[in-house]
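Note that subunit A is present in both complexes that follow, paired respectively with subunit B and with subunit C.
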Partner chain A sequence: MDDFEKQLKDALTKKDPSPFFEARVLGAVKRQALEHRASSRMWWASAFAAVLLVITGSAWQHERTIREEAAGKDAKARLELALKITSVKLQRISRKVEGI
Partner chain B sequence: MPGQAVGTESEVDNPEPRTFASVLRAQQSMVFSIAYHFLRDRSAAEEVAQDVFLQLHRRFDELKSDQHISFWLRKVASHRSIDYVRKQKSQAAVGLDSVPMPSVDGEPEDHFLNRRLQSLIGSLPEKPRMVMILRYQEDLMPEEIASVMEMPVRTVKSHLQRSLAMLREKIDRSMGDVR
Partner chain C sequence: MKFAIPVMLAVLPLAAQEIKMPVSLDRLAAKASEVVDVSLDGALLQLASRFLSEKDPDEAHVKRLVGGLKGVYVKSFEFEDRDQYKESDVEELRTQLKAPGWARIVSSRSKRNGDNADIYLKTDAGQISGLAIIVTDPRELTIVNIVGSIRPEDIRDLGGHFGIPKIDINPGKNDKKDKEDNR
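Let's look at the complex of A and B:
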């Protein structure tokens, strides 16, 4: 290293930041940590709400399917009854017609 | 969690275990000086240095040794400083020669020469300027600079040679027999 390079080294000696720098960084770090905590709490709240929504939606869908199946069975039973009644009536009419 | 390590005075005074606060205290002048010699603006340098330490805090648990932390800080400080200049190019171009210089103790002639050198280094293009700062402020070898700057060693050597030649010529021209 020649004299010129030593002079360069001298010109580029380390400097200290202002005396408040350290405290300012530590303050910013605390703020960053608080913001991170708040945003992670928000994330968990959103995730919980989403899970709750999915569970409620699934339960509602399941309930609706059961109700529709019951209504379908009921309708089927009524149709079968109506067909049975119709069949009985048609047999009676058929017997009467045969008797004429 | 690095946040738990930050804080109390007793933690800072005790060298073991390593805490974010102790690293901040030990490395603040290195990080600040890289930014300051590059930007030649105290408040901009403090802004960049603060961003570097905030980023360090987020990754504190991943960096296992002091050596790794120093390397990481140099690397991030260098890249952040270059990014800062790129973002604020027009303001920085206006500000380079008008920024007041910090007071430097010593002989008036040395003081003048240092200021002149700092000003000339500040006039170098971004990458050669950072290479010069890492070489003469941080005393890094070209291989280490190449690793920090993510560039080939040949490029680092070429930046150093060309910058040195240019600075010598300008100093010779402007100061005659000062060397």
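Let's look at the complex of A and C:
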């Protein structure tokens, strides 16, 4: 029997697993399953947070647009009133001055 | 030094408004039957300008006009009874308008009905930078201060546009027409 055959025989010889091998394997499988579940939960939580952020952001933007539009229309109305008063006064002064 | 910033912040709005409305005017609001108080600084004017349509010719014209303005301030009081305000209420304002840069370009006085009107222009380096109007009569007091590049005729000519009534500034023709209409 040469060296190669001896090595092959050794390699093919049935060996008993080390103590607690089964428990270690089952533990590792369970740990992997837990990690997978946790990362899956984390993914869903991130996705939910992102969707919530988009909805909140859109609502805030919409609210801001409405407020800005109301303020703009109010400013425009006040500008119209100011220009109306000023124009009427200037027209009356012109009328008076040109009538002299 | 630590007071410099608050002092600057307190002075800045006054600088923007150019003339300071006398505090005594606020007390007149209680006596007045109608009060208009419009105060639009540069930011509000820009905001208002965004809501003026480019497609509507009147609004587009006003938009261009407002583009050169930094502030529009109007206070107008109408009273049921005569002489509800004192000349001293307006005097503080007139004093401010005697400052360098300001010039009274029109002054109209009527002893018959007590209608008085003054138009002041502020110029900086040959450019118009402000307009002030004081109109007083026994039952009315109106003060207008417009800060920025504006000519009185630009606003006067808005009459008939933008919902502003047009007053015939040629009273001779009007009087003749009225007389003819009454015949």
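As a convention for this text, the second predicted complex is superposed on the first by the 88 of 100 C-alpha atoms of A that agree within 3 Å, B and C clash if a C-alpha of one lies under 4 Å from a C-alpha of the other, contacts with A are read in each partner's own complex, and residues count from 1 in each chain.
We adopt the following convention: a residue touches a chain if its C-beta (ideal position, glycine included) is under 8 Å from a C-beta of that chain, and two chains touch if they have at least 3 such contacts.
Being a predicted model, the structure only gives us computed values, none of them experimental.
In the superposed pair of complexes, A:79 makes contact with subunit C only, with no contact to subunit B. Of the two partner chains placed by superposition, only subunit C is touched by A:71; subunit B is not. When the shared chain is aligned, subunit B comes close enough to touch A:25, but subunit C does not.
Touch criterion met: A:94 reaches subunit C, while subunit B stays clear of it. Overlap of the subunit B and subunit C interfaces on subunit A: none, as no residue is touched by both. Partner subunit A is touched in their complex by these residues of subunit C: 36, 38, 40, 44-45, 47-48, 50-52, 62, 66, 72-74, 76, 106, 108, 110, 115, 117, 119, 133, 135, 142, 144, 146, 152-153, 155-159, 162-172.
If you check the complex, the residues on subunit B that touch subunit A are 3, 6-7, 20-21, 24-25, 28-30, 32-33, 36-37, 42, 45-46, 49-50, 53-54, 57-58, 102, 110, 113-114, 117-118, 121, 132-133, 136-137, 139, 164, 167-168, 171, 179. Residues of subunit A that touch subunit B in their complex: 3-5, 7-18, 21-22, 24-26, 28-30, 32-33.
Those residues of subunit A whose C-beta lies close enough to touch subunit C in the complex are 68-69, 71-73, 75-76, 78-99.
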